[in-house]
Every structure is written in C-alpha cells, then in structure tokens.
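Before I ask anything, let me first share the structure, which is written out below as structure tokens.
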C-alpha cells in the first residue's frame, strides 16, 4: 500500500526524469543504428571528387540532385518495380498460407513422423546455397521455368524459415484456446482459422516483414534464374552501376535508397499489428 | 505407412518431371528452315557503358544479317556463378563471355574449337591479332576463344604532384629503379600521401615478377621461382611496401576500403597501375588535377599484364555457323572500331584503323602508352587451368610477407611449394 | 480421434512438403551425392567415395576456416541474442516516438550490405576513422581493426552483431506481445523487482522465441558469407576466411564442386549436431512439458 502512495507523490517528476533519460538513450542508440543509412543519403548526393574525399565529407558542398535523375533515367525502373511487386506480393501471401498451415500441424497436432519431418525441414537451412544452386537450377530447367517469374515464386513458398518461426510462436499459445473450441465442436480447420491465426498476428506480421524484405532484396535468385530484361527485378537494375573494375557509388546509393524505401514503409505500417497482438491476447485472459 | 506412400508418390512425380521433359529444350529455338530468324544467345556483363557497347555492336550486326537475332543473357556481376550454373544446368548461351576461364573450360570440353571456322573463312584474318594474346586461348594448339578487348596495365600518374615535388614526368622507357626512386620522392608521410599504390594480387604482383623473368603460372619447371631474380623482386616489393612504405600496405588498402581509382582521385597516392577501364569515368567526372599515363617501368623486359575480354562458342550450340558469324563480327574491324570509340579498352587486334581511333582520342595525352604496351602483354595466367586457385594461395603468402610473418626467402620457399602442390 | 488428427496433420503440411520434396530435397540429396564425386561442376561427376572427406581432414585452409567460423559463431550468437533481447525490451516500453526508434533499429537490416561495408570500413579506418578518433580522445588503445590479421575477424563480428540486432529484435518484440501485461502487474503487486520480473516472467515465456532466435542465429553464423565477401575477401592472410567463403571459392572459382559439397556437408553435420543439442537443452528446461 505505501509503495503506491509513494509512487503517487513522486510520480510526476521522477516519471518525467525517467522518460527524458530513456529518450536520450534511445536517441543515441538510434543514431548508432542509422549512421550508415545517413552515409548512403550523403553519398547519393555527392559528385565523384567529394565522394572519395579524405577525410570524408558528410554534407556535400554541391548537392547533386542530378544523381537521382541520372539513376532514374538509367533503367526502366517502373517495369522493374512492378515485376518486384508481383514476385514479392505473391511470395508473401503464398508463404503465409503454406507456412502457417504447416506450422499449425507441427505445433498443435500429433501425427507419426512429425518431428522427423520437421528436422528435415530445418536441415535444409543448414546447407549453404552455393552447393544447392546448380541442382535447383536443373530442376527449374526441367520444369521449363527458367527465365520466368514462377522460378522465383513457387520454390520460395515452402520456406523452412517461415514454418520454424510460426511453429515457435504457435507453441506459446495456451492449449486451453483450442480445447474450448473443440468442446464447441470445432474441427481442425476451424481451430486453425478462427483460433490460432487471429491470435498469431504479431508472428504472421513478423514473417510477412521478413519475407517481404528477403524477396524484395533478393539478388542472387533473379540473377541466376532470369535473363530477359523485361522480367528483371529492382535489385538487378541496381547492379548496372556495378562494373567489373569500377563502382559508381553515388548512383548505386541513390538507387539502393529508393529501392529500400518500400521495405521501410511496409515495416512501419506493419508495426500496428504488434500493438493489436497485445489487445487480442489481453482479451483472452 | 501413409507418409511413405505420399513421399513415394512425390518422388515418382519428381522423377517423372526430371526425366519427362529432357527432350523439350526450353530455350532452344526452332531451326531456320522457313527463312525464320536464327536466335543466338550471347552472354553480356559489366557496367551500363560496357553493355551499351555490346548492344551497339549487335545492332549493327543484325542490320547486316537480318536472318540472325542476338538475344542477351545477362550474367551480371557474379559472372562465374552464373556462367558455371548455366553450363552445368545445360543452358549455356551460344556465345560465352569468359575471358580468363577460356582454357579451364576448353579443357572440360564445353567450348567449340574455332580453327575450322577460321580456316575456311576468307574474310577473317587471325594474323591481325597479337601472337602473345592469341596463344592465351589455345589448348593443345587449338583455339577456343578470340579476344575483342585488351587493356594492358600502365602507370597512371598525377602531374600536379610531380610538379610539386619538382620531378620530371616519367618517360615510356623508364626503369624499375627510376620508378622506385620517383615513388619514394613522391611519398609524403606527414600528409599521408604515398608515391605508388601497390595492389597485392593478380596483375600488379604478377607483373613485377614477369618483368624480372619469373612466371608464377608457367608449368612448375619454368616458373624460375628458384632464381635469384625471384628473390630480388620479392625483396623489392617488401622493401617498397613495408620498409620504405612508399605504398600503403595491402591490409591498409583493405582497411581503407577504396579502390585505386578513388585513392588516385583523392590524391592519397601519386601513381597507380591500371588498365584503360578507368578512362570513361575519368572523362565523365574529371579528376581535380592534371594527369597522364606511362608504360610500366622496365626491369629485364617491359612486359605487362592485361585485362582481356574474349568470346567463345559453346559446344552445345545448335547454330555453330550463325554463332561464328556473330563472333567474327564482334572481333572484326567493325567490332574493334566500336571498342575504340568507347575508349574503355584497346581493340585486341592490331587493326590499324581501330588503333588509330584510340591514338586520335588523345585521352589522356600519352594514350599511346596503352597501344605500345599491347605487343608486350604476357598472359601466362590465362593458360594455366588452375589460375584462380594458385593466385589465391599466392596472395595469402605474399600477404603474410607484407604483414612481416615471412621473410622474402621464406615466402619464396612457400611459393615454390604451393605452386608445385597446386600444379600436381 | 487419433486417426483424424493424423490425417489432418498430413493435410496441413501437404503444400509445404510437396514444395519441399520438389525444390529442396533433390538439391539436398544431389549435393550429398556430389560430395562423393570429383565433380568440377561441368564434366560428368566421377564417384570417388569418401576421398573428399579424407582430403578435408588434411586441408589446413579448410581446418583454419572451420576454426574461424567457430570463433565467429561462439561470439556473435550469444552476444547478438542478448543485445537483441535487450533492444526488444527497451522498445517494448510504452513511450512516444517508439515507432521511430523501432524503425531506426531495423534500418541496418534493410540497408544493403555493400553500403554498410563502405561505412564500417570508414569507421574502422586507422587514420581518420570515427572509432579510433574517439578512442584516441579517450586515451584508449587504438586497434588496427581490418588492417591486422588479429583484429580483422573481431571487426567483422562487431559489424555483424550490429547488423543483426534489428532482425532478432523484431522477433523478440513479436514474442513479447504474447505476454499479458496483467502478469507483470500482479508480479509488481507481489513486490517483484525488474530483474525478478525478467527471470520469472519474461524469460520463461519467451522460451520458444529464444529457441528460434538462437537456432536461427547458429544456422546463419555458421554460414556467414556476405560480410566477408564484401569487406575482406577472407583477408588479410586468410584471417577472416570462413567456411562458406572457402566453399564459394571452391565451387565457383576453383572448379571443385564435389570438394565444396563435402565441406558443405561437414558444416551441415556440425550445425545439425549443435542444433540438436540446443533443442535437447531447451526441452530439459521445459517445466510444463
């Protein structure tokens, strides 16, 4: 009782002090995290001579907005953008469906061979892609999928990472949730759709963010499986600024910034679901 | 049990897919029977400018040959990964862009020997090509690739810094001793400025050894690594980089994270060695000082290393004749003139018209240094099937010498052991 | 009842397992087969049994790369996981601008590795880098960072941890949303301090999330490649040559696909065993089954 009283008395000043301290710490830490990003912004606005200046210059004397114009004019970016949106969108949606179904079975149902199959899935993540790239390419060739978008979409749907992530989250949901539903006569599909999925929004959001980011930024996949210009994705477009001997950093950074902007927007938007998660699980108590 | 059933079904399905489609070539093209176009798939890579050069050449070709269509296969920045995947995945482009991989791939029987096409083609003159360059694409006397561009290493130097140090500009016939002396006079430790940027891998390292008659990539009996010259050059390199410190050390360069073009541009170094590939950038974004180029300094000879671009025809091509037409055009007079126009490499042949275009560009003033170096290029490393493996081991050994972990003599012994081990 | 659950179980994993069988199982099995051959990636592979594995045991470059990778993993996994958890707990506090702070922490994850590498190289620069100028001002020892065979790997570790914090932070943050605030309130009423609340509520309830983060970190640390490829190419003097970098070189530069596959399988075996131990450990701690 007297703890509460004391709190009430000292609350405003101590709370404000605490908040200010917290914000100072957060600002410093945030600054540590965004420095390279700021450097990208700065480099993207420099000319060649300032770009390589020693010691480095943070604010260019002459701000080269023209780098962005040059970058925009260098490739059919709108086409690349739509290609990337198509591939990324389908992979995110497809992966959420496929992985959440599998994760549901691996975490909430019992069936023979369950753990062995799950470990097999995990196992495929432990082999570096450098040795599986050629056989994967052979499969896609046999399927006639080389130089098509499905080569980037379909194999990405069965992602072991996604199953593992969702399984771990589904496991934290209390058993009572589905027991109550079972008593109400719900089958497994209903439990999956009406009980598990609504309670796993933070996890599904997390997977969506990662999948979005991974697919959007994927470079090696499109590079190996695509040849035609009209199918290319944004990351391949960026590579035009990379020569064998020289890199045009200022254009590359300008491009990289524009390309990563959608990920940032999606991430900030997706955070809303983190808060919703609290509300939902709070209600279930 | 059920699980096995499902698994079995899936595997059968998979096997069906794998074997069922083996006949229907996905990207292959119907033959030219009905006056249709033959499609030649050609690999392309490099910067925007480099691709522009290819596109221009191809367009010119297709105008002259309406029956052949060139389709690009962009192998992008990870050239080796994509090329190897395409080949082993059974989807190799008809014309490959492989450069230093020509010999290793020819030895693995994936390239078409070009001799028959050359011999029966009256308009093609192999004699125009520099012999030392052409030899780099031969296996057992058969030719598997023809270069379109070569770019000999020369020294780029900052004239302003020479003026400041009251040094005369170097001449094309200078010697290694003069070079070292110049580099040391240009070094200014107080301002963290170095006379030269020695890059400790591939061409720059091999170049200094080659000019002293040591050949890392010759067959083990002919490397001359056991000669006094080998020790002399290793000692010279260590002295230059570590003791006199007229060049940033390899690890300092690694840490600086800037290429030689950047360190030349920001005047941290007064001289660098490089090929012509920097010229387009130096033209578009001019350097903030006066500069020029000069040949690599002579030791026992004045040979130099080179960056080269060559084309080969895939053995699996369905249209060897058409592919030869394309290749011939790219390395012929027309193709060479376009190369010269772009000013980012030398034409790989001595074609007078094309080389005159380079000389006329007068960019930089002494651009002649590139042309004059061409007959002296030495490409032993191209002929060694295990070049990348050996050069990786060599780099490590010389790195350790530069870090002070090995004396030049110890480094030499390790080099001998490594080269022998890798060649066996 | 049980049979129905079994049938539904297979139904729910079916889409996943079909994709898995077509696109992952074959490459997985095929690369193991290649590890038993002298494949160069081009010519039809010749079966040589376990020769590649025998050769690996004597390959000093490989053994050293294994040591480098192990060292990298031992440092980055625990430190990275702990810092991410700390960051997630900080960013789970209700405060203004929290969305912005969370975004800041996530930025390194989406920033391209090439951009990050250039900035960190500059930060690490011994002549004019930010880090050493701060160290100099404080009178501390100024490490030679990427320029030295001893410090290059720690430099890469620090950068990797920094880049990875945001990734794991998001996962922990999602995990923290599953913990009901009422638990903390009742603990507060019982007089539990912040540390007790962490050990008694947060940590146990985040168990499954932590298992995920740790296992994924182990899997990805053992396969570290991009940072090395962009920042040091394995140097100086191979001090940062990690296993996957050596695999990459063998597979795509040295024409040794079979040998590279054998290395990949040794790496696989190590990761698999560590993961298995890790899940066993996690299960033992599991009190409520």
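Per-chain residue numbering starts at 1, and chain names A, B and C are given in the order in which the chains are listed.
By our rule, contacts are C-beta pairs under 8 Å (C-beta built on N, C-alpha and C of every residue); 3 or more make two chains touch, one makes a residue touch a chain.
Note that the coordinates shown come from a computational prediction; the quantities given were computed from them, not determined experimentally.
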| item | value |
| --- | --- |
| A-C or B-C - the one linked by more C-beta pairs in contact | A-C |
| Chain whose Cα centroid lies at the greatest distance from that of chain A | B |
| CA centroid of chain B to CA centroid of chain C, Å | 36 |
| Euclidean distance of C-alpha centroids - chain A vs chain C, Å | 16 |
| Per-residue overlap in chain A, given as positions that touch at least 2 other chains | 54, 112, 117, 133-134, 139 |
| Residues of chain C touching at least two other chains | 6, 10, 17-18, 22, 25-26, 41, 118, 122, 251-252, 257 |
| Numbers and ranges of chain B residues touching at least 2 other chains | 3, 17-18, 81, 84, 88, 192 |
| Residues of chain A touching chain C in the complex | 3, 19, 22-23, 25-26, 29-37, 39-40, 43, 54-56, 97-99, 101-102, 104-106, 109-112, 114, 117, 120-128, 130-136, 139, 154-155, 157-158, 160-161, 163-165, 168-169, 171-173, 187-189, 192, 202-203, 205-206, 209-210, 213, 217, 249, 252-253, 256, 260, 263-264, 267-268, 271, 274-275, 277-278, 281-282, 285 |
| Footprint of chain B on chain A - complex, ascending | 47-49, 51-54, 74, 112-113, 117, 133-134, 137-139, 141-144, 146-147, 220, 223-224, 227, 229, 236, 239-248 |
| Contacting residues of chain C [partner chain B, same complex] | 6, 10, 14, 17-18, 21-22, 25-26, 40-43, 117-118, 121-122, 124-127, 144-149, 152, 231-232, 235-238, 249, 251-255, 257 |
| Residues of chain B defined as touching chain A within the complex | 3, 17-18, 20-22, 24, 26-27, 41, 45-51, 72-74, 76-79, 81-82, 84-85, 88-91, 192, 258-259, 261-263, 265-266, 268, 274-275, 277-278, 281, 285, 287-288, 307 |
| Touching residues on chain C, where the partner in the complex is chain A | 2, 5-6, 8-13, 15-20, 22-28, 30-31, 34, 41, 87, 90, 93, 95-97, 99-112, 114-116, 118-120, 122-123, 128, 162, 165-167, 170-171, 173-175, 177-178, 180-182, 191, 205, 207-209, 211-212, 215-216, 219, 222-223, 225, 244, 247-248, 251-252, 257, 260-261, 264-265, 267-268, 271-272, 275 |
